[in-house]
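Per-chain residue numbering starts at 1, and chain names A, B, C and D are given in the order in which the chains are listed.
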Amino acid sequence: MQGSTRDRKPNTCDYAMIRFSQVTVNYGYVPGALKDINLQLHKGDFTLLLGPTGSGKSTLLRLIYMDILPSAGLVTVDRWNSARISPRQINLLRRNIGVVFQDFRLIENMTVFDNVALPLVIEGYRRKYIRQVTQALLDEVNMLAAADQPASTLSLGEKQRVAIARAMAKDPLIVIADEPTGNLDREASQNVLNLLERFNRHGTSILMATHDYELIKETPYRRIYMENGEIRQPDSSINVGKERIIMMNRDV
Amino acid sequence: MQGSTRDRKPNTCDYAMIRFSQVTVNYGYVPGALKDINLQLHKGDFTLLLGPTGSGKSTLLRLIYMDILPSAGLVTVDRWNSARISPRQINLLRRNIGVVFQDFRLIENMTVFDNVALPLVIEGYRRKYIRQVTQALLDEVNMLAAADQPASTLSLGEKQRVAIARAMAKDPLIVIADEPTGNLDREASQNVLNLLERFNRHGTSILMATHDYELIKETPYRRIYMENGEIRQPDSSINVGKERIIMMNRDV
Amino acid sequence: MKLRFVLRQTLNNLWRERTPATASVLTIGIALVILISLFEVSISLYRNLNDLKQNMVIEVYLEASRTENDAAGISAQLSDYGTIERIRVISKEAAAEIFEKEFGENIYDILKENPLPVMIEVRLQSEYNHPDYLALFKKQVEALPGVDEVHYRHVLVEKLESLTQAVLISGLAVLIVLVFAMNLLIRNTIKLSVYARRDQIAIMKILGAGNLFIRLPYILEGAFEGLFGGMMAAAGLILAHKFIADSFEAIRFSLSVYKMLWIVTISVGILIGFFVSAAAVGHFVQKIYAKK
Amino acid sequence: MKLRFVLRQTLNNLWRERTPATASVLTIGIALVILISLFEVSISLYRNLNDLKQNMVIEVYLEASRTENDAAGISAQLSDYGTIERIRVISKEAAAEIFEKEFGENIYDILKENPLPVMIEVRLQSEYNHPDYLALFKKQVEALPGVDEVHYRHVLVEKLESLTQAVLISGLAVLIVLVFAMNLLIRNTIKLSVYARRDQIAIMKILGAGNLFIRLPYILEGAFEGLFGGMMAAAGLILAHKFIADSFEAIRFSLSVYKMLWIVTISVGILIGFFVSAAAVGHFVQKIYAKK
């Protein structure tokens, strides 16, 4: 990885990097999209967020990059907390988080290269460095050949890989991946997981929401099960039984 | 299903409803997104379209609802063909095809109800009928409770289900589903497959692109494997071996 | 159901995008105010100039020795021409008064006597009020016994003639420029408004919606904006008329002018909104098709 | 790298959205043409009126018995006041000529003699050209021996005074309305242009981009549109000036006027584009934040 060519933030202690305290989220139409969530994620953790459609996974992730603020309760991320954070600080926070959005959110009329380079440009890095890192990342996700195409010309699977590259660009404190394998086939999905794992080994915390039980079923990571806006028995057991998954999905 | 309440087009003979003859598609940036495709789909068929990311699945499907026209070769759908079709006829064609888009394409600022009702409104059905059909469909995909929410407030999985309901609304000749389970968990995916199968039993042809080998691995349907814009040995065998899938994905 | 859906969507769009819609309304409103007041000014200017032209006076000076009685005889002769609208004899005394009014000096103060001759003021019927006939008339009348000279401001007549034309032509030119500019601005607003909803349009197309169904909401939106713009302009114009009528006692508007203002302004607004957006939407919806 | 990126994006945006951008350019261009020609007309009107006022002539009529020699003596006395700009004696004959020019009649024809007195024409220095001083001056001069009467068009002076004011005030009013309308239209265009790219803005925000970084491309776009609009307006104005200079021989523009036109029009265009879009973008980018 390009980790070696860049400054790594010192991998200090094992403090709770992300902390949810009695967090509730009400959307206009949907009260209780999240209900009284308590949660702690530690630096360096690899965490999986599981749960059926509409259970609030994306909502929980949006709270972390402060795309929404909690209706009640407190979200603390690194040195920022949701109760008193200015717009400027939100920008800073976001620059330290890499997000793979469920709907990618690439800028359609920009080239693949520019999309991936954007977080680095925002950060104000120098041109040569940006080019070097961006090309390395595109190579990593196998999209170097499409670097000069506008993002609008990509297939969905290709977009997903570009989105992953963008999230990795700044070598962030934490990577939030919302369903990063939804449009990928088995092997591509495995590649993404491996990529995230490699990042994790370099000290980046990972929080990944996914439906792909097949993919994660043999991983040893902490799992958080959501259902109906609540966390069901936070569980760090290694295996997840088949019956367990089916129970979670009975709503659909 | 609401099939009973509506006029079914007579399920006549087993002619080739969709026919690709030496079809090539060149995008500006990507020549040969499809290369010399020959393919026949028959009325009433349930067909699966498999292949790695960027192999041209979505492109092939777009040809059917004539979102793009082939750079070379001929696409024939029912009584229309790509060589001479007027914009007005393209509209007619599209009204006879239900499409579940990979990126949903819901109208974000319309309510869920209006989104599903839209194809019926376009067709000019009466109000009471539209309400009845739309509600039945929303119930079927478990989204009736969200009928009055704007589509923008849905989770991605919810959007996918609404998109499926919309594709079904007009009881179309053929349903094209591009990765309809990409954002759904196992059980929801199974439900979608069951839904499509039920439609198929009522005479609707189904063409479904998917990455979810787990989901389809025990289905008896015809499979078309794509790779690099080409069809690899059209195959109607019942089982697909594990090594087969891995071979297909080696590009990623 | 289709129409109801379209109408609902139109109102939704208007409400959801009230900022640009308001700007569109204001554009139409301002343009209509300029347009219609320009039109009114042109009309009243034309009328005034015409009036002035119609009321042109020909002065027939008699020889210094002639009296008012002679003038009456000559008047009778002139009346027989059949081209005269009005005729009036002006005595020496009346002429002195006119002199004082025009030049601010009493002629008796300056000269201690009144040297001014008896004069006949003639107004021609409007159809004869033309440079050619005026020249002929002057020649004929000057040949009459007792007549010294015939004066008319022939330069003024010709100048008025060309001024009236100039006003009409330049008014038209301004009008054309304005209509062009307004068309451009409204088109632009509507175009961008369509542009902002291009996703929605692209989706409707892919669902097989016909052209009319896709375009109607935007066209109706334009018509509504025209309606509101027209109402705004009508209100503004009527206030302006009231203000003018209050400020200048000489100017009065009848009730029918106010009614006309409402009707014309609002219907012109609606028509403009309708047609301009119809054209813009068609053009632009096509473009979205080409792009996707 | 940041600035390069922003600039590249600005140019991309301009090119990709050349239709609305062109409309924006035209809006700015048309508005600038109206604005600057209005300004020029006001200025030249003001100058002309002022000239007229400055050149106001006071007529000092001597008693009928006085000769031009007397007039020279009185002139000398008047010059001593120190408030006079120019002074000229007009003989009986010159007065008769003026009479003929003004009234179209030869005074000898009418009266067989010249009753007009010797006259002194006086022009005051501009700072004394004021109704109050004029009244005082009249009183003083009429008291001089040999002077019959002092005439000046005091009504005209006052009318000119108020007309100049009226022109300036109404010009200013039109200017304000125009600036308001232009601001509205440009804001609207830019707002909709931002609106059309709201997805892009929302994405940049979610990546933690700062306000300036997000807004700069739009602000620069506005400035570029202002530049092009200004160039268009300058070209139009210069053509108009050339046309006017060709049509009316009395009117000539110096080269520096043309240079000023280029510089002022273009820089005003850029400034307008810059500030209006800066305001509009700020307002609107905030809104997108609130929505998402």
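Convention: contacts are C-beta pairs under 8 Å (C-beta built on N, C-alpha and C of every residue); 3 or more make two chains touch, one makes a residue touch a chain.
As the structure is a computational prediction, the values presented were derived from the model and not from experiment.
Peer 1: By number of C-beta pairs in contact, which chain pair leads?
Peer 2: After counting contacts between each pair of chains, the winner is A-B.
Peer 1: Could you work out which chain's C-alpha centre is the most distant one from the centre of chain A?
Peer 2: So the farthest one, by centre of C-alpha atoms, is C.
Peer 1: How many angstrom lie between the centres of chain A and chain B, each centre taken as the mean Cα position?
Peer 2: 30
Peer 1: Hey, how far is the Cα centre of chain A from the one of chain C, in Å?
Peer 2: 68
Peer 1: Express in whole angstrom the distance between the two chain centres, defined as the mean CA positions of chain C and chain D.
Peer 2: Each chain reduced to its C-alpha mean, chain C and chain D end up 26 Å apart.
Peer 1: Report the inter-centroid distance (CA atoms only) between chain B and chain C in whole Å.
Peer 2: Chain centres of chain B and chain C, defined by C-alpha means, are spaced 63 Å apart.
Peer 1: Can you list the chain B residues in contact with two or more other chains?
Peer 2: In chain B, no residue touches at least two other chains, as defined above.
Peer 1: Quick check on chain D: which residues sit in contact with 2+ other chains?
Peer 2: If we look for residues of chain D contacting two or more partner chains, we find none.
Peer 1: Take each protein chain as a node, join two nodes whenever their chains touch, and name the resulting shape: line, ring, star, complete or other.
Peer 2: Drawn as a graph, the chains make one closed cycle, so a ring.
Peer 1: Considering every pair of chains, which are in touch?
Peer 2: In this structure, the chains touch in these pairs: A-B, A-D, B-C, C-D.
Peer 1: Within the complex, which stretch of chain A touches chain B?
Peer 2: Those in contact with chain B are residues 27-30, 52-54, 57-58, 102-103, 142, 146, 148-150, 153-158, 160-161, 179, 182-188, 191, 211, 213-214, 245-246, 248-252.
Peer 1: Of all residues in chain D, which touch chain A in the complex?
Peer 2: So the residues of chain D in touch with chain A come to 1-2, 4-5, 12, 16, 199-200, 202-204, 206-210, 213, 289, 292.
Peer 1: Show which residues of chain B lie in contact with chain C when the two form their complex.
Peer 2: Where chain B meets chain C, its residues are 65, 67, 87-88, 90-95, 99, 101, 105-110, 114, 118-119, 121-122, 124-127, 130.
Peer 1: Can you name the residues of chain D that touch chain C in the complex?
Peer 2: 19-20, 23-24, 26-27, 30, 103, 110-111, 115, 181, 184-185, 187-189, 191-193, 195-196, 198
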